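Each chain carries a letter (A, B, C and D) given by its place in the written order, and its residues are counted from 1.
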Amino acid sequence: MDWSMTVGNVLAVFLTLAIFSFLYRDNPIYKTAEHFFVGLAAGYFIVIQYHTVFLPNLWQPLTHDVAALFRSGQAAQQLAGSLALMQLGAAAQHGLWQAFSPDIKGILDPVTFHGWRLALIVPLAMGLLMFTQLMKKYAWLSRWPMAVVIGSFSGLALLGNAQGDLLPQIKANLIPFIKPGSWTAFWADPGLFTFLDVLWNPVLIIGVISVLIYFFFSVEHKGAIGGVAAVGIGFLMISFGAAYGNTVMTRISLLIERFDFLLKPATRYITLVTLLLLLAYFIITAFKDKHKARIER
Amino acid sequence: MAKPTARWTERLEHLDRRIIFLVVAVGILVPLVAPLGLPVTVTEPVQAFRDQIDGLPPGSAVLVSADWDPGSRAELLPATVALFHHLFQRDVRVLIISLWPAGPRMVEQALAEVRGAHTKTYGKDYVNLGFKEGAEVVMVSLGDNLPATFPADYYGTPVSTLPVLRGIKSYKDIAMVITLSAGYPGTKEWVQQVQDRYNMPMISACAGVSAPEYYPYYQAGQLKGLIGGLKASAEYETVLERKGFAVAAMDAQALGHYIIIGFIILGNALYLINKWTNLGARKE
Amino acid sequence: MRSEVPMFITLFFGLFFIISAFIVHPAYKSAAQELNNWTLIIISFAYVLGVINVARIHAKKLEERRPGWAYSVMTLFGMLIMIVFGIFVPARLYGGYETGSLFSWLFDNGQVPMQATMFSLLAFFIASAAFRAFRVRSVTASLLAVTAVIVMAGRVSVGELMWSDFPRFVEWIMGDLQTAGQRAVKIGAALGAVATGLKIILGLERSYFSGE
Amino acid sequence: MANISIAEIVDVQKLNLFVLLVLFSGLVLLMIRLAEKGRQMFVRPLAGLKALEDAVGRATEMGRAVLYVPGIDDVKNIQTIYSMVILEHVAKIVADYGTPLIVPIGKAFVVPMAEETVRQGYLNAGRPQDFRSDNVRYLSDEQFAFTGAVNGIIMRERPAANVFLGSFYAEALILAETGFMAGSIQVAGTANIHQLPFFVVACDYTLIGEEFYAATAYLAQDPKLLGTIKGIDVFKGLILAVLVIGFVVETLGFTGFSRLIAGE
């Protein structure tokens, strides 16, 4: 009997039922499990960051190259290279064209320039600046690395939304009012689905246009615009209804998996015992509360 | 003036939540203990997902991004297991990454279920490159240089020593991206940042809750296949003849849905009855 | 110094990530890759700070014996045991983070069941919300309710018994009827996101750097 | 540099994207410039927004707290940053009446930003001394531990008004239903389309997707925000025109227009 599996199952079953106990009411067992979870999740976060980001992406390249450089004595020359890199940053601000002048080009090509790895000191320094947030006096310094994060994600959000959502979705709605061939197919074989196929394009066109008009903020929803906006809110509610229906699928699946785990041959009896223990606990505490309440009255 | 005792319909409308919880629990337990084995017909987006993988040229490399965690394990573990079975049946190199911290361990659990049934070796046919923090920034940096973004696999072995990654520098060497998605970052960010910019063929398996938001991508052709939720995973398992948890859960899924439909109708019926009778009372 | 430098940094990194999509010059691309790597490193520091915040708050709660301090012991215990075994203890004493270590055992038997169970609570909450909060108060709300019920009924196998083409009908609703609303909302949201990203990069959106 | 051709430097295929970005950015910056010069920018009144101020008003009358959850996402999500703008406004209103404000935070990185925003709100109301930093409460980075903790606050401190504005995920339903049971008036808003059904169903008022962005502009009456909304509206007019021309032209069988837009 593999002990780590069994003890593991006992812990897993207990913690599962502890979280389920929240359904009865918020109780110390649930709070203990929840706080334990918060700790585990935080600890897990740090360990994974350490092993899969800090070591491979920063520490190893930095220490590996610093050692190699000092052994081969090129340190001074390469350090000058990374300083030139700083000017490149400034050049980017004044316009990229000068940055492409031939003499700077050599700097950009990593094959000739090991300084790149050395330059990792910069993100390391910026990263450490992040911790100034914990000190009231220097907290403003943490805005520098914060700006890197905010700038990067704002730039990517701007680009991604324009390129991945805006253009392709507009293009996908530039379609003929009736799907070519669907009209003839309907008359050839009149039925629900051939009829729905004829409706395919008009639904998309009318739906998208009316919902876009609902989200128009410069004109009050009155008269004709009000009517079209009402059609728009109708399409919107249909989309929300479909979304609600699909979400039920996800939630029920999660519960099925948990019950499936509790009923598995390996955990079935553990579940039974733990359930009885929890039941006993709640009965005793309920009894104690009633007893205490009677004394206070 | 003592509050008039509420009519039973009014008391029922404010039913204690725990009774509702009990009904749901029983509704899910019964079919798990006594399965009914109801049929599962395959819908078009799932068929398209399967055809896309079948259409992969031999020897091509596929990037799987497992962006989910224990919170959505019930829906995405069956989809991931079915996907790995499908990929391992074909002559395809499988590179697995994750943009969620718990992702790599979920991939390990899926691989454990699949390894036995196929003759694929780690490092030569497939690799788990683990997790990287940075969401969209990671997606974009894979476009320039994959080995620099993932210098080592999940176990710390440098990628230069892994044959499966030989000759793979960026998205140009990747035939398809398969996004397994449960939230942010997920399929939406992959479509926004990668699909159009690198015009990368892309298919997605996602939690049911995200499916409605991805249908416009499927209709626009940005996604070439879509598995939305556990029912779709059950269809995928059926199509691959590898029936697993998803198909087994369909009976409990059916009963669960009809319980919720029942609650919506009952709740609104009570609401309307109470409204009309109160209206009536006030008129007399 | 306090807000001019952060504003320049935001501008530089914002523009960098936008321009990288347009420039294909090889030398630029390799420089871009290094800058990507820098951003990844800085972001991961941000998350380490996040976790230190968790430790700081629970430790403070412990020191001041604020109500519920006993539970903070559990949080700090959970965190420390994961970090100590995950990073410092060698592999042969159940250390490290791979399968077989205490770290992975606690993840599989502690974190996975608790997070999965927390999410499964949602099935109960969605049922109670369906009964108590899902009110057909208006025409629009009833449109939402009717669509939700049809999609739910048709997406599960029982639906097929009643009408064999039910799943196909639901696919039409999903692929066409609901896609229209989703697409329009997506276009609107994308415009909002692009505009806001633009303002942040150009430093027009100063609310979160305010106070100076 | 003469020998390097443009195609080597810039990806010519992405011209249509470049044109869209330049056109849209120019439009937004132009409208902001006009708004700053004092041009009247009309934005239609938003029902959800009026509800936000009624909800805070009701909390003030009953002397109970306002709970404001700025979403659970990190600073890298634009909705979190936008929610800060509305939080600043709510903080100003709350400071005027001295109503307690609770701001649970689900991401450590957002804490300093939220603290500064609420402090700015109290500053705008001329009562910086009333700002207490422990009203901005960091609970946990873990989504579900955060949700459980916020539910605890709702059930214990019984806020009269709950405001959920920002990026929400699976916990939206639980927060809305718990608030519903606690009897609070609830106003929600998010651009996360998949969570809107729960807010629409369980909350008194919901700002749907873009309305969340428009509410920020309307509330702040800030030229930059108003200019943005007008810029987006004008561009939306352009898109509507493209969509109408598109389908008319496609129906007539001429597909060149759609290919032009796609930049093939």
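The working rule: a contact is a pair of C-beta atoms (placed from the backbone, for glycine too) under 8 Å apart; a residue touches a chain by one contact, two chains touch by 3 or more.
Note that the coordinates shown come from a computational prediction; the quantities given were computed from them, not determined experimentally.
Common neighbours of chain A and chain C, listed by label, are B, D. The greatest centre-to-centre distance from chain D, using averaged C-alpha positions, is reached by B.
Note on chain placement: the centre of chain A and the centre of chain B lie 14 Å apart, centres being C-alpha means. Multi-chain contact residues of chain B (touching two or more other chains): 17, 21, 24-25, 28, 71-74, 102, 132-133, 135, 137, 140, 197, 209, 211-213, 216, 219, 228-229, 231, 253, 256-257, 260.
Among the residues of chain D, those touching two or more other chains are numbered 9, 14, 17, 21, 24, 75-78, 81, 109, 140-142, 144, 148, 170, 181, 193-194, 197-198, 200-201, 208-210, 236, 239. Taken residue by residue, chain A touches two or more other chains at 22-23, 34-35, 37-38, 41-42, 44-45, 48-49, 51, 53, 57, 100, 133, 146, 149-150, 152-154, 156-159, 161-163, 165-173, 204, 208-209, 212, 215, 236-237, 239-244, 246-249, 252, 254-255, 257-258, whereas all remaining positions touch fewer. Chain-to-chain contact here is organised exhaustively, every possible pair of chains being in touch. Within the complex, the chain D residues that touch chain A are 1, 9, 14, 16-17, 20-21, 24, 42-45, 75-78, 81, 109, 112, 140-142, 144-145, 148, 151-152, 155, 193-194, 196-198, 200-201, 208-211, 214, 229-230, 233, 236-237, 239-240, 242-244, 246-247, 250-251, 253, 257-258, 261-263.
Within the complex, the chain D residues that touch chain B are 14, 73, 76-77, 143-144, 167, 169-170, 181, 193-194. Across the interface of their complex, chain D is touched by residues 22, 26, 34-35, 37-38, 41-42, 45, 100-101, 133, 139, 142, 146, 149-150, 153-154, 157-158, 162-163, 166-168, 170-171, 173-178, 201, 205, 208-209, 212-213, 215-221, 236-237, 239-241, 243-244, 247 of chain A. By the touch criterion stated above, chain D contacts chain C in their complex at residues 4, 8-11, 14, 17-18, 21, 24-25, 28-29, 32, 75, 78, 81-82, 84-85, 88, 107-109, 111, 113, 116-117, 119-120, 123, 138, 140-142, 144, 148, 170, 173-174, 176-177, 180-181, 191, 193, 197-198, 200-202, 208-210, 213, 224, 228, 231-232, 235-236, 239.
Residue ranges on chain C touching chain A, taken from their complex, read 2-3, 5-19, 21, 25, 27-28, 30-31, 34, 37-52, 54-56, 58, 68, 71-72, 74-83, 86-87, 97, 103, 105-126, 140-141, 143-152, 155-156, 165, 168-169, 172-174, 176-191, 193-194, 196-198, 200-201, 208-209.
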